Each structure stands twice: as C-alpha cells, then as structure tokens.
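Two complexes, one shared chain (chain A), two partners (chain B, chain C).
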Partner chain A sequence: MAELFISVLVISGIAAGLALLLVLSEKTFQNYGPCKIVINDKKELTVEGGKSLLASLKAEKIFLPSACGGRGTCGVCKCKVLDGAGPLLPTETPFLNPQEQKDNIRLSCQVKVKKGLSIEIPAALFDIRLYQARFAEATNLTYDTKRFRFQLVEPATMNFTAGHYVQIACPVYKKGIEEVSRAYSIASDPKDNRFIDLIVRRVPNGICTTWMFDYLKAGDAVELVGPYGEFRLSDTQSPMVFIAGGSGMAPFVSILHQMRNVGSTRKAEYFFGGNGVRDLYLHEQMAEFEKNLSAFKFVPVVCKPSPEDNWQGQTGLVTDAVRKNFTDLSGHEGYLCGSPGMIDASIKVLIGLGMSEKNIYYDKFS
Partner chain B sequence: MKQSPQDKNLEAMLRSGKLAAGGFMGSDLRSSAEVISADAAALNALGYTAVQVAARMQELRDLARPWMGNWVQASAVLRVKSEDYKGFIVCPWPHAGRYEKRITTAERLDTGQSVSWTDLNIHLILEHGFFEGRDAFFRIDPEQFIKVVF
Partner chain C sequence: MILFPSGSISSEVWLAVVTCFAAVFTQNILLSYFLGMCSFVAVSKEIKTAVGLGAAVVLVMTCTTVLNWMAYWWVLVPLKLEFYQFILFIIIIAAFVQFLEMVLDRYSPSLYLALGIFLPLITVNCAILGAVLWMVIRGYSLIVSTGFGFGCGVGWMMAIVAMAGIRQRLDESKIPAGLRGPAITLIIAGIMALAFVGFTGVLQ
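Now for the complex of A and B:
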C-alpha cells in the first residue's frame, strides 16, 4: 500500500515538475520582447511580442473589424502584412482566396507578433474607437425585430456618416458562451450623435441576438466599436432607388435623417419588402420623411397579404415592385441592404432596367 | 474507446457555445461518434442515406430561396420557405466551412408537421453524417425529417 502511495506521489511530482518546466520555458523562449509594427509606412508602434497582431493593434486602440473575438472562425480581421508574419498558417487559408494569398493578406488574429512587422490597413481604421455606452431602451418594431437605443458615455458622442455600422461586443452572458462581436448598421440620426440606434432581427438560437433580446437590461454597460463601413450616399445628384427588407431598414433610416438634415432635394424611391403586413414597420417615420423630403417616396411591398390585412399597397416580391415601377433606370443609383438573396435578385433587376453596375451600392447581411 | 487530442477538441467544440448558442450536442451525453453512428443506423433502417437527406434539403432550399422568405409549394402537400438572417456560422469540424445563416422550413399541409434546417445542417449531414445531438436547437431527427419531406 505504501509502495503504491509513493509511486503515485513520485509520478505526480514528475508531472508537476514537467508542467513547471513548460511554463518556465514558455516564459523564456516565447518572450519576444518589444516588437515594432510599421503601419502604412508611416506610423510606428512598439508592442510587447507574443500576442496576435489583432490583439496587439487593439491594445494600441487600432480596431480591425472582427466578429469572433480572435478565434480564427470569422475571417473578418484581414489585413495586408508586407513583412515579418512568417508563412501562411493552415488556420488562415480557408478564409483567403488565391489572390488574397498572393497579395499577402493575412488573418490578423492568427498572425503572432514575434518580431518587427510591416502592415497596411485602410487609413479610415485610425478613426475607429472603442465607445463605452449604456443600453437605454428597446422598441418592438415587429414580432422578431427591435430597435435598440444606446447612449454613448465615453466618448459621449460618435461622428458617423449615415450608412456606417458599429460592432457591439456581446459578453459572456451564460455558461458555455464566449465573447463575440457582431456588426449592425446604425439606424440613428447622425446629427444626434449622443445616441446609437440599431435595428436587430432575432436570429433563432443566435448568440448575440439572444443576449440582446433576452438578457440586456436598461442601464447595462455595453461596448461599441466603430464607426466602420463604406456604404453611404454618393455625392452626385442622381435619382436613387433604395431597396431593403427586414433589418435592412437600418442604414436607410440614418440616410434619410441625413438627407433631411441637409435639406436634400435629391429624388429617392424606397422599396421596402415584407412577407406579410406584420413584417413592415416604421410607417409613421417614413411618412414623416415623405413630408420633409420633397422628392422622397416610400413604397412598402407585401409579398402575400392575407385578406384580413386589408392591404391596399403594392404586392409581390420587392424586386417585382421595382420592375413594375420603372422602365428605365439608366442614370439612377441603387442602394440595397438585406439578405444576400434579396441583394442578388435586386442587382439583376436593376441592371436589367439599365442601371450601371458601378452605380449599385449594397450592404449584404453576410 | 480512447480519444485522440483532435477528437477531444472536436467534442469540446461541439458542446461549447463558441459557434452556436447551446452548442451542437444539446443534452446528449453520447460522443459525437455515437450520435453519428446511431443516426446512420436509423437512416439505414428507414431505407435512406445521409447523402439523400442532404440532397433533399438542398433541393428544397434552392426551390424556396428565390422567394425570399415566402412560402412556395414544393408539391401538393408540401410547402417550403427559406429565410436569411444576418451573419454566418462556421463548421465545428477543423476545416474550411463558413455558411450564411439561412433557415429553411418545410411544412406538410396534410398533417401540419414541419421541420427546419440550416445551410450548416446540410453540410454537417452531407460531409460528417452529423444530425446534431439530442435537444440541440437544430437537431434533425432522421425519422421526423423523412416523414415530412420525402
């Protein structure tokens, strides 16, 4: 019995010794010391080596977009690494097409900073900041869609352009969930920049929307990062066709606020599609925009209204309504936000009606 | 059976909420290999294969997609719809695989029974024979699925 006890003790001692050796060797051999990161050949940062490029940049308040919190599962945090990243890792290749691989695009969450790095990122990312905010209130828009309002705390305002999006950090709200970030278009007035409104549709069993719909309480502290994005109105005076469905409404609310703020007289027709009447929302706000914008028209479209809906508006797919309402869209610009399927179908219709592909701007859900 | 480190990582990933709230195993205490094997046996007894199930899922999804979330008749007794949600989800197995969040639902008009599946379900069934564990949110029960859509 004593022999058995001694054997267990000896084996445990050896295991503990090896673990200690491993920890010490990690600290010694993986201590990369200070490493220099050169950004766009202009800016230089000195960071402590050993962390991922994504985390190192974040620590220096440079926020590359990322949805999975750096676990290498979303493929969003791409950036060009000109030097110092080492060979491409198997964890990166699934997310990079051959051209991106040739162009030295890497997943910043997978690139470890071990020595000096030279990278290229869009200059606009220097304006991205982390905002501490408080959840103010949620408004039911439909049976599965809500508008969430956040009051910015620090910094207390965010300067964004209508069409921009923010990332919201979803914390660990129950066992087994890990922190993730999700991107949502801003749905608020750029002039009232103390608040950020997001329009969110519940994703069945979705990690972030479950938190937002079921766990988020008024007054809760929330982290937002942004503003990101390139979806925005052009500077031309070309007439516009907006097409959206579901939570794709969000950027257009912000865009219409912006148009009203500057007294825009630019012609815009907004086709918003729902499967039933219950999928439509913000009628009153759209009517208000129609009053305030002389050349704006809101066209809600219901695919299959039921008789009890007593629907008097346009019916069919939103793309059918666009086709019915126009014969020639050359000289127009198209702005689309919604599901990939809706956007692909809309692009086909717009091009078929003569719109130039370069005049079609979209924000796909995926 | 002894598990390799890769198997252990996979089991941990399937049970965690890293990729999907609640994970892919639900309350199932069996290993993923046992779940796969039991579902393969159930399918076999019903006279179908995972490939046939995945192909039918894909076919119905493709039929419904152009209708952007609206019901469309697949047959006299079956209607389907396919809805897109914001974002994407990745396969828990260690390989490339990122899927748009799309849920297809098929409903029998004669019995009122329905089944729903995601694009990731199609991949998991086709490539891994995995129908997800008991009580998992998107668990596909082979018998129920066959009863509704075939």
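Now for the complex of A and C:
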C-alpha cells in the first residue's frame, strides 16, 4: 500500500515539477515586456509582447481579416511589416508570392511581437470593429439554406458597402468544440443598417453551421466583426454579368438593394445556378428587383431538373447558360460568388467570351 | 549503480567513443532498428530540411538520453519504480523539447529557424524514446550513454540526409506511379539498411 502511495507521489511530483519549470520558463523566456506597434506611421499602440501580431492587434480592437482564426491555413491576414518582424517563416512562404515577399508582406498570425514593430494596414481596417448583435429570426430559403437576421445592439448600426462580409463568432456550444469564427457575406440592404442578414447553407457536421441551424435561438447574443472585403460594384457604368450558386446569392442581394436605392440603370444579368429546382430561392425578391431596376434580368439555371419539377427555364451548368446568352462580353464586367470550382470554370468562360481578366471580380468560398 | 562500472574514467570515455561509432554505423537506430521512420519518410524530400531536422534530433537525443539516465538510475531504481520508465521518459522528453523550443525562440532566432520549427515533430519521434530504452536495457553508464545518445542522433541524421540526397535525384527519374512517394522511400531505406549490414564486424 505504502509502495503504491510513494510511486504515485513520485511520478506526480516529477510531472508537477516539470510543469512548473515549463510555466516558469514561459513566464521568463516568453515575456518580451511592452512592445510598441506603429501603424501607418501615425497610430502608436503599446502591447504586451509574446503574442502573434494578429492577436495583439485584435486585443487593441483592430481586426485584420482572418478566416481560419490564426492557424496559418487561410493566408487572409496578410499585412505589411516594415520593421521588426524577423525573417520570413516556412509557415508563411506558401501564402506569399515573390512580389509580396519582396514587399515585406507577412502573415500577421505567424509574426510574433517580440520588439517594436512598424506595420502598414489599409485605413479601412480601422472601421472594422466588434458588433454585439441579437439573433432576430431565421427564414427557410431551401431545404438546406436559411437566411439569418441579426439586429445590431452595440454599436446599433453598421455602415457597410454592398458586397462586404462579416465574421460571426461561433461560441463553444457543446463539449469538445473550439471557438471558431466564420466569414459570411452580408445579404441585407445597406440602407437598413440596423440589421445584418446572412445566407447560410448547412455544412454536414460543420462546427459553425450546426450551431446556427440547431442551437441558435431568437434573442441570443451574437458577436459579429466587420465589415470586411473588397468585393463590391465598380464605379463604372459598364454592363455586368453576375454569376452565383448556393449561398453565393448573398452579396448580390445586397448589391441589388444598393442599385435600387440609387436608382441605377446599369445593365445587369444575374445567372444563378442550382443542382435541382429545390436549390433555387428568393424568386419573389428577384422578380421585385426586375420590376424596380429597368436593366436587370434574373436567370435561374437548373443543372438537372427532375420531370416532376416541370422546369421551364434554362438547364445545364450556369456557365453553359452564360455561353448561350452572350457571344461577346468585351466591355462587360463579371461578378462571381460561389464555390472555387464554379468560379474557376466561370472565369474561363468569361475570358473565352472576350471579357478582360481585370474586369472580373469574385468572392471565392474556401 | 553503474556510473563507472569497470575501471578508470579514460577507459569509460574510450568505451563511449566506441559505442558512439557503433550507434552510427553498425547499429544505426534507423537503418538497423527502423525507429523514427515516420519523420524519416515525411521530411526527407530536401537536403536542407533533412539537415535541420537531423541536427535537432542529435541535440534532443543527446540531452534526453542524459536526462533520462539520471531520472532512471537516480530516481526510479532507488525507489524500485522501474516499471514507470515509459511514462517518465516520455514526460521528460516532451518537457525538454518544449523548454528547448522556448529558449531557442528567445535567444537564438537563427537557430530557432533552423532547428526550432522541427522540435514539435521530435517529441513523438520513436527513435528518441528508442535510444533511451536501449540505454537502459544495455545498462550503459552515464558517460557511455552520452556517447550512445549522440551516436544514435548522428546515425539518424546521416541516414535522413543520405535519403534526402537520393530522393532529390529521384525527382529526375521515371518511377512507376504506384511506387512514388513513401513506397519507393521505404524500398530505398531497405537497400540502405542492407548496405549498412556491411559495417558489421568493423567494431567488435
């Protein structure tokens, strides 16, 4: 009995001693003291060193975009570090092309703040902030897609441009789940800036979508960070082709609201693809936009309609429909939102029809 | 205790040198015992990274062999708790690797870039634990253990660097599709192991 006691005591003692050693060395070795971060040569922050640049900025309420939450897998949190970042890490190189490497672009989630840093970030990022919101309601759009409406609480309004996206923080809603955040395009009217609508398609076993579909209840508090993004209408008057699939509908709803708000007469044709008729949604809203916007046309395309659907519209892939409808797209602009496969295929078709590559704007899901 | 079991320190040192050479050539931990295969197959694509990982293994293996020797002979044996060796060895290896990573990160950024990024891979490298267990089974003294740990590390490093050199050349050759990647690597490892059998008898 005594032997058992001693053995347990000795092993726990050694383990505790080692753990203590690690904690102490973390306190001493990983303690870099206060570090100064200079942003755009203007703003100065003093942060506690030892954390990643992304996390340090987040603690100061400056939110660089990040889709993976700082794991170095998405490559979105790029930022220019002029001084103090140390050499480029092997974890960063896959995400940076040679030009970016030359321009001192770094992944802010991999750069550790060890001393004073001097960085450059787009001025618009200062407008990005954390919004406390309340989940208002969800509307079923298809069998697997819902529209979630959030009412902003603090701050009570968000000034966003149609096409922007927000990140929603998914809390630890059950055991064994890590806190994650996911990016969704805003699907609401920019004028009605007290509400944020997101169109979300359920991902089987997805951490965030499972929470939104199964756990989120009306009135629940939710944290949104945003608005982010570069996807938006250009300032030209060129005719446009919109292509989307699935929940890629979202930014276009917002863009169409925006066009209606300013009474745009710009020509736009919107090709929306679904596998079956059951994947299509928002027909009424699109019909309304067609009524209010003189030069807008909505073209739903069904890949494989079943006979009982009685589908009268276009069939095949959304890219086939684009090819059928246009012979020459030079002078047009393309706006795409959807899965990477769809976007890559669409870009090929648009360029094939004469659209210039720099006139193609897209928002790829990843 | 077998700190100096047979004779003087100088003969101990000589024994340590011999054991070290044996661990590199005749009893190479990778090519004779096939320990530490996972990182050997995964990280042997480029000579530069293979050298980095190899050097990290040499460092960690030498230090953990010494630390674990002390823990075994000075703590476990007196208390008759030898059966705890697996748990204790793993804890010590993991803690040491963590500690080393923090120190390197702080004091030597260049060394951290060269070795540090491989350290997390090493915690679970079975060659490290393998070397420690051999040292216990064979009853080496502290000095001999140090030589043995260093030799095992150098042997492992030599094998992975050689493999990386071969694999870099392999990029130019036509390999049947089904054999590309890990498959051909394992076959080559087998041939290298056969070559190392040739060293048997060099040391008695």
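FYI, the second predicted complex is superposed on the first by the 311 of 366 C-alpha atoms of A that agree within 3 Å, B and C clash if a C-alpha of one lies under 4 Å from a C-alpha of the other, contacts with A are read in each partner's own complex, and residues count from 1 in each chain.
The definition used in the following text is that contacts are C-beta pairs under 8 Å (C-beta built on N, C-alpha and C of every residue); 3 or more make two chains touch, one makes a residue touch a chain.
Keep in mind it's a predicted model, so treat the numbers as computed, not measured.
Undergrad: So in the superposed three-chain picture, is A:Asn97 touching just chain B, just chain C, both, or none of them (first/second/both/neither)?
TA: Neither partner.
Undergrad: Answer with first, second, both or neither: which of chain B and chain C does A:Thr236 touch in the superposed model?
TA: A:Thr236 sits against neither chain B nor chain C.
Undergrad: Where does A:Ser306 make contact in the superposed view: on chain B (first), on chain C (second), on both, or on neither?
TA: So A:Ser306 meets neither chain B nor chain C here.
Undergrad: Contact-wise, after the overlay, does A:Thr46 reach chain B, chain C, both or neither (first, second, both, neither)?
TA: neither
Undergrad: Between chain B (first) and chain C (second), which, if any, makes contact with A:Ile11: first, second, both or neither?
TA: Once the two structures are laid over each other on A, A:Ile11 reaches chain C alone.
Undergrad: Touch test for A:Pro204: chain B only (first), chain C only (second), both, or neither?
TA: first
Undergrad: Contacts for A:Thr139 in the overlay, against chain B (first) and chain C (second): which applies, first, second, both or neither?
TA: Neither partner.
Undergrad: In this superposition, which partner touches a larger number of chain A residues, chain B or chain C?
TA: If we count touched residues of chain A for both partners, the winner is B.
Undergrad: Thinking of the overlay built on chain A, is A:Ala67 touched by chain B (first), by chain C (second), by both, or by neither?
TA: First partner only.
Undergrad: Please work out whether A:Gly86 is in contact with chain B alone, chain C alone, both, or neither, and reply first, second, both or neither.
TA: Once the two structures are laid over each other on A, A:Gly86 reaches chain C alone.
Undergrad: Considering the complex alone, what residue numbers of chain B touch chain A?
TA: So the residues of chain B in touch with chain A come to 15-23, 65-71, 82-88, 90, 95-98, 100-101, 103, 137-138.
Undergrad: Would you tell me which residues of chain A are touching chain C in their complex?
TA: It is residues 3, 6-7, 10-11, 14-15, 18-19, 21-22, 25-26, 29-30, 86-87, 89-91 of chain A that touch chain C.
Undergrad: Spell out the part of chain A that touches chain B in their complex, as residue ranges.
TA: Going by the criterion above, the answer is residues 67, 71, 73-75, 93-95, 174-178, 182, 184, 201, 203-207, 210, 245, 247, 273, 275, 303-304, 317-318, 338-342, 345, 365-366.
Undergrad: Which of the residues in chain C end up touching chain A in this complex?
TA: So the residues of chain C touching chain A come out as 71, 75, 79-81, 84, 87-88, 91-92, 95, 98-99, 102-103, 105-106, 109-110, 113, 117.
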